[in-house]
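Next come two complexes built around chain A: one with chain B, the other with chain C.
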Partner chain A sequence: MRETLMLWWQLMRLRARARLQNRLSLVLAWISQGFGYAGAFASIWVILNRFGGLGGWRWPELAFLLGFQIFGYALGAMFTFTQFRFMEEQVRDGEFDMLLVRPVNPWSFLVFSGIDLQYGSHFALGLVLMIMAGLQLDLDWDLLMILRLLLSLMSAAMLTGAMFTALGACAFVLGRSRFLFGLYFDFWELSRYPAIIFGLPLQLILLTILPFSYMGFVPVSVLLGKPVPILGDAAPMLAILAGPITALIAAWIWRACLRRYQGFGV
Partner chain B sequence: MSLIIQADSVSKIFQQRKRLPGLSGTLRGLLKPETVPVRAVEEISFAIRAGEAVGYLGPNGAGKSTMIKMLTGILAPSTGKVHVLGRQPVEERVANAREIGVVFGQRSQLWWDLPVSDSFDLARHIYRIDPARFAENRAEMVEMLALGSFLDRPVRQLSLGQRMRADIAMALLHGPKILFLDEPTIGLDVVAKDVVRKFLARINRQRGTTIILTTHDLQDIEEICPRLIMVDDGRLLFDGPLRSLRRSFGARRRLRLDFYTDPGPIWIGGARPVGSSGTQREFEVDEDGRSLIDLISALPPGTPLRDASLHEPGIEEVIRTHYQRRRA
Partner chain C sequence: MSLFALSPLAARLTGSDLLATLRTFSAFTRAAARQQAEQRSELLAIAFGTMVDVFARISIWRSVYHGRQHVAGVTEAEMITYALIGATLLSHWDGALIVREIGKAILSGQIGATLMRPVSFPGALFAEQLGPRLLQFGFVCLPVITILSAVYGIAPPASLGHGLLFLVYIVVSTTLLFLIAIFFGLLSFWVLEAHSLEWFMRGLTALLSGGLVPLWFFPPVLGTVAHALPFAWITYHPMACYLGQNDLLESATLLVGGCGWVAALAIVNHLLWRSASRHVTAHGG
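And then the complex of A and B:
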């Protein structure tokens, strides 16, 4: 176990060193992404100011949701997004074969060797929004509440990583997977809003087949003491367990697809 | 020496998806995909002993890389069995990977933006190499492959030849029992090829590392591998010493005779006339054992012979002729 941890650490260290070779591009990526998200959130704020609320959610509550959603997403995506989004190319170019001839778990190797520092602005924006909104909301921040927040964020991060893993694994079987990431982000945008504003069928989809509601709406509703339709009393537990459950399903999909891996070329 | 690689009637069949034209075809492909079986490897058997150096040769699409992928644990055979160091590679992939080294000529294990030495350090963690043994192996590789001058340079600044040398060194740092190389000299210049070939031959001789090498370049095989396995269309064509290849493929030596004056029709027992131009005559010699003197002695007395030569067909020529004959 100690050797495995050392390997993960070494991989993260090398990845960070490689990325820091070009600091300017990293800073520019932070700035551009930060502005991009800030712009999107500002437009939501404008709409909310005009209409007074969104599905019964006021600005500080929605700001907390936006901050939570982007922070949890960044936490999962920094370990998974780049690698699994490019899985199609890795399979096609034989890069994935190179992993299989090493005495390592290919998933762990991909995750730790591909850690992405470009999410700095996501974390900063998410943290600022959560702190500012948290102060305005007058919440009772006791130890249990903080623990619940941390576990929910972990769950949201696991959910993100699990979904990217499952989508990337499709490249083993289909030879293609990039198009699935486009579909993912179409639905992911919905996780910025309180699911209560959507129709019942879409709410159900976002709680089951495409569990994007657990990336923001469900855990934030629980933290803010707001009711969660459909889930009811199960919401607090599911806000924390959604990530691990999805991760187990993703691990099963990854293994099943890997068993059918055929590589490219003869 | 013990057998360390065994392939018993190994076949690999890929199910290739049929791409149907148009939007309706794409939708149909998603809902009910149609597949076509592609036989990449068919019923191939061979055994390799520890310390051997074997060239695995074949044209594009012959199934060379597929066989290497099955031996290294990337792919499972569709039928038949593969054993490497007593294991089925795909079933015990991690244990197998610890004892083999793999170099793919067109891909690199090195970190593009970092110095070569960082990638070597990573190999120490990946293969859990004892620090003292690592230091010893690393020093040996640096010396043998002359890596010292660019060890601390980022990989992106290296030439292809330097990168390949570093890649080969990285694959050997953990002291693997078997080294698999898939086209290791592809794209290299003459000097770099020579360095790689000499090094591989030396590693095989001195360390006893078993080498399995796929290549298009016959000189790789002539300089490194005394044994050749040749495949085509997924099937085994030849397995044996390189020197037996000519006989096995029916390649015959050519006798060329040059006369002072046109000698008219000439007949030599055991040699078949294949060409005639002016005062020159050419024959294919049936028996391998006959010497030039034997053949000249068989000429009718008084024939105005000026010069004679006996040509061995080159390996490349033998194989090229075989493939051309097969395609015709």
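And then the complex of A and C:
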């Protein structure tokens, strides 16, 4: 176990050192991505500035939701997004086949050897939004609340990683999976808004089959003491458990798809 | 050497040159459209994703308008139309992906090979992007508009004149988005960070094009600045014309303004491309 942990650590270190060779490029990536998200968030601010609220949420509450959503996403995506988005190419070019003959778990190898440092601005933007909104909302930050926030963020990160894993695994069976990531982001953008503005069928979908609501709306509602439709009193527990549950399902999907994998390489 | 019509040098072309250029352009467009048509599952995913995107926008406007007749002189029904048409015909195309394509071509050295082709790289890229775009108009945008308008309703153009002008606005919008993307893409010859340029473009377009929120809801200062920038012709000005926010004369004047931006950006891109081509030769690709 200790050796495995050391291997993961070394893989991450190697990747980070390689990326840090070009620091200017990394800083530029942080600034530009932060700028990109700021543009999208500014559009949402314009709506709330003009209309006063969205689905009963005022700007500080929605800013907290946006901060939470982008922070949780970045935490999961830095370990999974780049790796699994390119799974289609890895399968097609036979690179994944090479991975299968190595004496390591292929999922772990992909995750830890591909850690992506480009999410600096996601974390910064998320933290700034959460802190500024938290100050305006005058929340009672006791130990339990902080623990709940950290566990919810971990859950959102696991959820993100689990979904990318499941999407990447589709390449084992279909030979293609990249186009599914586009669809993922169409749904992911829904998690920027209070789910209450969507109709009941979509709210149900976002709480069950495609659990994007646990990436922002559910945990933030719990933290802000706002009611969560459909889930009710189960919301606080599910806000923390959604990530681990989805991770288990994703692990099952990964194994099932890997069992069916026969190679597409040339 | 034939150049695509977007180049200012197109004016110097003779009639037969222009015909040959258009034929080449059309061949690129058809080939790219055919390639996209073969990937049916991808097309289906795009259609489904667009449906989700438009549905989210409609949900936002229905939620904020709840109980209000109109805000800034715009009704809920008009905002639903804005979301339906704006998110499909106008801002559905992720132009920032062109920046990525150019960046990849530069990093891989493939850009060197394009210099040997009898067509300009930006022109070929436009043709290749236009093919899937036209295909998606028919197989993604129109079905999504049809399905969602059956559920939520859609306002017709303010008048026949506004409707006809809107069709020209779609052409200007598509061309401008392409030219803006090419502009950012060509900058990667010097910055070498197409990924960052892509995100800068995405941030500017998200806010200033009026893709999600029309400029009439913007705070006055930001709104005034955004009105004059070329991004506004991607979604905001075309939709303002469609909904009759401006009279016909004003809409036509703004359309001329959009054409002015097209011409200005075409010249800037031409100069950038000429300079970039020298850059490639200097380093051997």
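One rule holds in what follows: the second predicted complex is superposed on the first by the 264 of 266 C-alpha atoms of A that agree within 3 Å, B and C clash if a C-alpha of one lies under 4 Å from a C-alpha of the other, contacts with A are read in each partner's own complex, and residues count from 1 in each chain.
Here is the rule we go by: contacts are C-beta pairs under 8 Å (C-beta built on N, C-alpha and C of every residue); 3 or more make two chains touch, one makes a residue touch a chain.
Here the structure is a predicted model, which means the values were calculated and not measured.
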Put the two structures on top of each other at chain A: do chain B and chain C fit, or clash? fit
Under the stated touch criterion, name the partner, chain B or chain C, that contacts more residues in chain A. C
Under the superposition described above, what is the C-alpha centre angle at chain A formed with chain B and chain C, rounded in steps of 10 degrees? 90
Considering only the touch criterion stated at the top, classify A:Ile230 as touching first (chain B), second (chain C), both, or neither. neither
Looking at A:Ala29 after the superposition, I want to know if it touches chain B, chain C, both of them or none. Which is it: first, second, both, neither? second
Check the residue A:Leu190 against both partner chains and state whether it touches chain B (first), chain C (second), both, or neither. second
On the A-aligned overlay, A:Gly55 touches which partner chain: chain B = first, chain C = second, or both, or neither? second
One more residue to check, A:Met154. First (chain B), second (chain C), both or neither? neither
On the A-aligned overlay, A:Leu258 touches which partner chain: chain B = first, chain C = second, or both, or neither? neither
Quick one: is A:Ile47 in contact with chain B, with chain C, with both, or with neither? Answer first, second, both or neither. second
Between chain B and chain C, what minimal C-alpha to C-alpha distance in angstrom results from the superposition? 5
Residues of chain A contacting chain B in one complex and chain C in the other: none
Touching residues of chain A toward chain C in the complex: what are they? 25, 28-29, 31-33, 35-40, 42-44, 46-47, 49-51, 53-55, 176, 179-180, 182-183, 185-187, 189-190, 193, 197-199, 202
Quick one: in the complex, what on chain A touches chain B? 3, 6-7, 10-11, 14, 17-18, 21, 93-95, 97-98, 100-104, 175, 261-263, 265-266
Chain C residues touching chain A in their complex are 39, 41-42, 45-46, 48-50, 52-53, 55-56, 59-60, 62-64, 71-72, 191, 193, 195-200, 202-208, 211-213, 217-219, 222
Can you list the chain B residues touching chain A in their complex? 14-15, 17, 38, 40, 61-63, 65-66, 69, 72-75, 93-95, 97-98, 100, 102, 104, 106-107, 109, 111-114, 118, 121-122, 125-128, 154, 180, 234
